[in-house]
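Presented below is the structure to which this report refers.
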Amino acid sequence: MKRKLRMGMVGGGKDAFIGSVHRIAAYMDGLVELVCGSFSIDPQISKDSAEALFVAPDRVYKDYKEMIEKESQLPEDVRMDFLTIVTPNFIHFAPAKMALEHGFNVVIEKPMTFSTEEAIELQEIVERTGLTLALTHTYSGYPMVKQAKAMVANDELGKVRKIIVEYPQGWLSRLSEREGNAGAAWRTDPKKSGKSGAMGDIGTHAAHLAEYVSGLKISELCADLSIVVEGRHLDDDGNVLLRFNNGANGVLIASQIAAGEENALTLRVYGEKGGIEWKQHDPNNLYVKLLDRPLQVYRTGNAYEAPYTLSSFATHNTRIPAGHPEGLLEAFGNIYRNFVLTVSAKLDGETPTPEMLDFPQVGEGVRGMAFVDRVVESNQSSDKWVKVD
Amino acid sequence: MKRKLRMGMVGGGKDAFIGSVHRIAAYMDGLVELVCGSFSIDPQISKDSAEALFVAPDRVYKDYKEMIEKESQLPEDVRMDFLTIVTPNFIHFAPAKMALEHGFNVVIEKPMTFSTEEAIELQEIVERTGLTLALTHTYSGYPMVKQAKAMVANDELGKVRKIIVEYPQGWLSRLSEREGNAGAAWRTDPKKSGKSGAMGDIGTHAAHLAEYVSGLKISELCADLSIVVEGRHLDDDGNVLLRFNNGANGVLIASQIAAGEENALTLRVYGEKGGIEWKQHDPNNLYVKLLDRPLQVYRTGNAYEAPYTLSSFATHNTRIPAGHPEGLLEAFGNIYRNFVLTVSAKLDGETPTPEMLDFPQVGEGVRGMAFVDRVVESNQSSDKWVKVD
Amino acid sequence: MKRKLRMGMVGGGKDAFIGSVHRIAAYMDGLVELVCGSFSIDPQISKDSAEALFVAPDRVYKDYKEMIEKESQLPEDVRMDFLTIVTPNFIHFAPAKMALEHGFNVVIEKPMTFSTEEAIELQEIVERTGLTLALTHTYSGYPMVKQAKAMVANDELGKVRKIIVEYPQGWLSRLSEREGNAGAAWRTDPKKSGKSGAMGDIGTHAAHLAEYVSGLKISELCADLSIVVEGRHLDDDGNVLLRFNNGANGVLIASQIAAGEENALTLRVYGEKGGIEWKQHDPNNLYVKLLDRPLQVYRTGNAYEAPYTLSSFATHNTRIPAGHPEGLLEAFGNIYRNFVLTVSAKLDGETPTPEMLDFPQVGEGVRGMAFVDRVVESNQSSDKWVKVD
Amino acid sequence: MKRKLRMGMVGGGKDAFIGSVHRIAAYMDGLVELVCGSFSIDPQISKDSAEALFVAPDRVYKDYKEMIEKESQLPEDVRMDFLTIVTPNFIHFAPAKMALEHGFNVVIEKPMTFSTEEAIELQEIVERTGLTLALTHTYSGYPMVKQAKAMVANDELGKVRKIIVEYPQGWLSRLSEREGNAGAAWRTDPKKSGKSGAMGDIGTHAAHLAEYVSGLKISELCADLSIVVEGRHLDDDGNVLLRFNNGANGVLIASQIAAGEENALTLRVYGEKGGIEWKQHDPNNLYVKLLDRPLQVYRTGNAYEAPYTLSSFATHNTRIPAGHPEGLLEAFGNIYRNFVLTVSAKLDGETPTPEMLDFPQVGEGVRGMAFVDRVVESNQSSDKWVKVD
């Protein structure tokens, strides 16, 4: 890289949790500077945010349209390199499309769009423009998730037979959307969130994680969604039976009414020769259970000797030596870092390495939208199985 | 109790794991003596077992029929008080029926019978004779499982909304039934095990645990069973969506091909006000997650102050003070101890306490058989839901 | 074994925790029957205990003297085979000595005697009579402790460099001996407990565990004992620097005022090539940390392939397959079982196997007393190091 | 804050682990920009590092002297605001002193200096100049460490009675300093590291953590240091008995030859009413063990209701909601953030809040040097106790 990349931001005003996460992730490696933004639909919040973020007043815009238009007219060595979109789901597609069409790369929150149609259109634009889009499926950024993926790919478990992925949260155990919780409000509003609540918000993370690590695709599913908290308008809980394209079976559980749980995403993959387990609350451990062997715990940052050596994908995404816990912000930072390294390589006329390219992209966004569609369809059906394309 | 109870045994020769477990459970509290048995269909093994178990040669019988007949002719203060049945599933019903009809109480392994019809008939006999039958759903014998049940019953979680129960094992990851593993052989043989493999063997434990702790009944289910290991004749894996009779949803997973897992039965129950989690590998901890509170870990044997005081059902089933781990044999021993205390109370003309009566009985055996029937029916159906009576 | 062994008991009335633990341990394998006892200095408690324990009234004795005298006059095939002594420390020596001199084997609680002189005398009697004495250092009975010992002996860690053994309890955080806690009362009374409180009661367990697993001997120590709770008469807490006879260093911590701890005995042994860790609260896991390798967790009851195969000493002391937790009562039971197998082998004119002989014996009792002496001496000295013989 | 602060750096070239940690910590909140540096004594490494770090070539200096001189001549709105010193221990004092005397604030690695004399002189300069010095005792930056401190301060444990702090690492189990490990080389070289190895490098962290959380001071100690690996010149292991200024006792263990351990810093504090435990490998959990209560696990980022509400010091140092693990880089970042907020407040003529001021400062650096002096003195003495001033 010859210079820092310049980031613009839609959404993420100082009152929004996720904007701050994106900024920390973008900042931590010193590869990105925030140069412009439209941080809120409330102009005062946007202005205040810009000040707190040390963004020049003349690069705070009233909305994403103005931002993209004006930035694209700035000199090439001044204007933003990429746009980060951290608005609610229903305002993902339009700024992403417009940014790409004006030549800007994009980082976008999941689920990628409001509908599958939008997702497919976005994919076409990305392919047409040759630009780069990163989708922040955060959990795929953890080093031990990458190690798990590498071990499956290296056939250390044999053929995969069963996958259990769970994402229990408890934060919507009450009707928090009526108690002034802004994040709860839009996530439970079908007009802003889309056709699913919990499945769209966190089920998509779980599905992505299962497919990412296993290298398999969900081919059929049978879903049971619930609106558990009375008065809510979208599913806050769901259980899904899965079948994968190699014949493996699985279960996906996503809940926001699992009272007392924080963010307990967990993945287990079982193959012919052994199983692996990873827990987001304890992200630097990967539990490897091979038949006829003691349980092994692989840990981030270690320089194990062969044949235990950590994958290059794990080590590329690790910043500090073993025993120094890395957390969610670093996992998030890995997505940004790989996105930035990829964009920079392209700008510099170089070919990104496989490790750089290892971040969720537009195809995974399309797949996530299809997953939501099929889950909702299955939930409404009295047939057992629904095929996933 | 005025005297030890006298136990007879069908099956459980010295080559069988489960017979030994029953004996340790029966012996540990000094309330039971083994007086007779038919330990194996192989007369030499039966004779050798008797010798190793210090059973008098004249009370070793060639089969359960001879045993029940001859024992019933012995003087009242000599003959066995109860018969323990630890044969494969297809030889549960006949000895149980005959024992009850000759006035002997019964301890029986799960699943209780080969078919639901047999189970219902057994229930009728138990009700008619007024005798006592204990079904060894081992895991309900753990003190912290009883604490969990008490906390749900005391409304500490509020209305139950979601239950996740899992029972992953990996010991059938290979075709072990062809490699001389006797336990694997009969369990995977439809003629000996019944219409289901994993679901009958361990799925029934999981279903029992979920119902026992929650006090709810499974009312509908949607099952996906698999024969994962090629060449096997019964399911070795299954995933089931559940609906309970109060509207709660749930998931039950039972697998014997979860490579690398030992016996990782886990239960999570989520209510309006919080959730609980219990893991069989770590049985002396009960994780209690109340909304807006730090996670609490209740542990066996503690004399907590109110309102944390452990339930009388937990303390009644605890032998030693906090910090001294109790394990599966003690949980198993609790079922025996409560069975023996109940039988003795009845013999002595006393009324057993609720704590004594807290062991799995014939009704739970009927319910387990119905669960297996419905799971198998659902698996074969293209409809989503099957009702459970 | 041709018959069950017959046990007599001094102490262990129905109001005493530890008597019950001994009986469960003795009973669980069906190798022992309780035939006589003097369960309490209170004749009514002794009589009631005998009744509850199904001991014949004519074999309940007013004290250990009467018991030993009368039992030794009974026919050989009736009288007790061994005497279990579960009285407070100051009544260990006399009954043990008298029992041995009348030809009875002995099981005795730790610390073995009140003074080192008594311990040495007992050792001489054991050696002279050829009888067997088992000292219940419970924690050495756990299978994973035996696995740890085997791994050190097999040089899997290389030369041992450092040992950390801790035994924190919190149950004496208050002046419980004044609040009617009988166990607390005698343990904190110098006339009944001996010259040390916490160090005698639990520090001896810790020291034994460190030496048992490492195969090393403590050669020097530097102790800092405290009476933390005002009004107490014996140490309730102590920290000790250790040096072992191979040059390794170490730390031993024993506390009964570590508020909130239950019985958290933990051992870590570090060698040139790796370390191991074992925790009594989690006794079926042995954490093995080899240089340049992922952490391995060895677990009780597994049939690992070579070179991971569990030691014969671990498997000999395991009753049930992997995934079925064994606890403190089984560890205790292992001491009894090995003692009984050893005594029976001798009675039958056979040679006990090394696995049978693997239980704490009189020499370890002498060593425990010397440890207490040296710790107390060091605590009173302003010199840094005190040598241990 | 009205603007980002400008950071200069001595040491921390691209080949050095710790420089990178400081930069990530400084960058993550978007409050700091790196403007100048002398990154290595090797000019080419320094130049290359500057390029990779996007530092302008005209602000890369040949050494700290040149940097401080030239920077101090730059306009006020251009020159660095503070200097980060990440060189080996023997080059801490001189640049720190010179920076302060030229008006620059300082961030410095621990141990603060090479000798206690230097430390005291630095303290005098800081006091005289009124400038701010941050000492990176990383572990005090974790939110749950701050929660622990708050709970002790709020008397939730009662009077503190016992403290156990351990810092086992295994990375110096071999003579790595002879195998090309640069970090090992200087740390084991008395000329570069100081009079102690393990105790200076990590024992100081442990001592700081114990004093920081408990609010107590170590008043006496008895140390046993070892050079375990043959051929090494400084202690690689040490065990220390402690006495605190309120009468509490304690143990401190620091080892770099605890083979198989990563960075397993652990603190336990026991008071009259309960104990707390914190483990650096698992930093978002704080285990709270109150007498007569179930174990409680406080976790980072939760909005618990009273009386469980997390301290303002914990929440001020948390970036993301519960269930999103924060790690070492965030803890490190908290030290930077508080330092920067304090410096900015002073620059803006405001008074820093207590939360802002909660980072290790020069007094703690002096105390750390005294600790090392006393430990080394005690190790060489045959007297049991050495007083700490």
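As written, the chain order gives the labels A, B, C and D, with residue 1 at the start of each chain.
By our rule, a residue touches a chain if its C-beta (ideal position, glycine included) is under 8 Å from a C-beta of that chain, and two chains touch if they have at least 3 such contacts.
Chain by chain, the UniProt names read as follows: A, B, C, D = Gfo/Idh/MocA family oxidoreductase.
As the structure is a computational prediction, the values presented were derived from the model and not from experiment.
For subunit C, the chain whose average C-alpha position is most distant is A. Two chain pairs, A-C and A-B, are weighed by contacting C-beta pairs, with A-B ahead.
Taking each chain's centre as the mean of its C-alpha atoms, subunit A lies 34 Å from subunit D.
Work out the mean CA point of subunit A and of subunit B, and you get 43 Å between them.
Between subunit A and subunit C the centroid-to-centroid distance comes to 54 Å (mean Cα coordinates, whole Å). The residues of subunit D that reach two or more other chains are 261, 288, 295, 299, 302, listed in rising order. Looking at the complex, you find that subunit A touches subunit D at residues 3-4, 17, 20-21, 23-24, 27-30, 34, 53-54, 169, 261-264, 280-284, 299, 302, 319-330.
Of all residues in subunit C, those touching subunit D in their complex are 157, 161-162, 164, 166, 168, 170, 173-174, 222, 224, 226, 228, 237, 239, 241, 243, 249-251, 253, 255, 257-261, 268, 270-275, 288-291, 295, 381-385. Touching subunit C in their complex are the following residues of subunit A: 288, 292-299, 302-305, 308.
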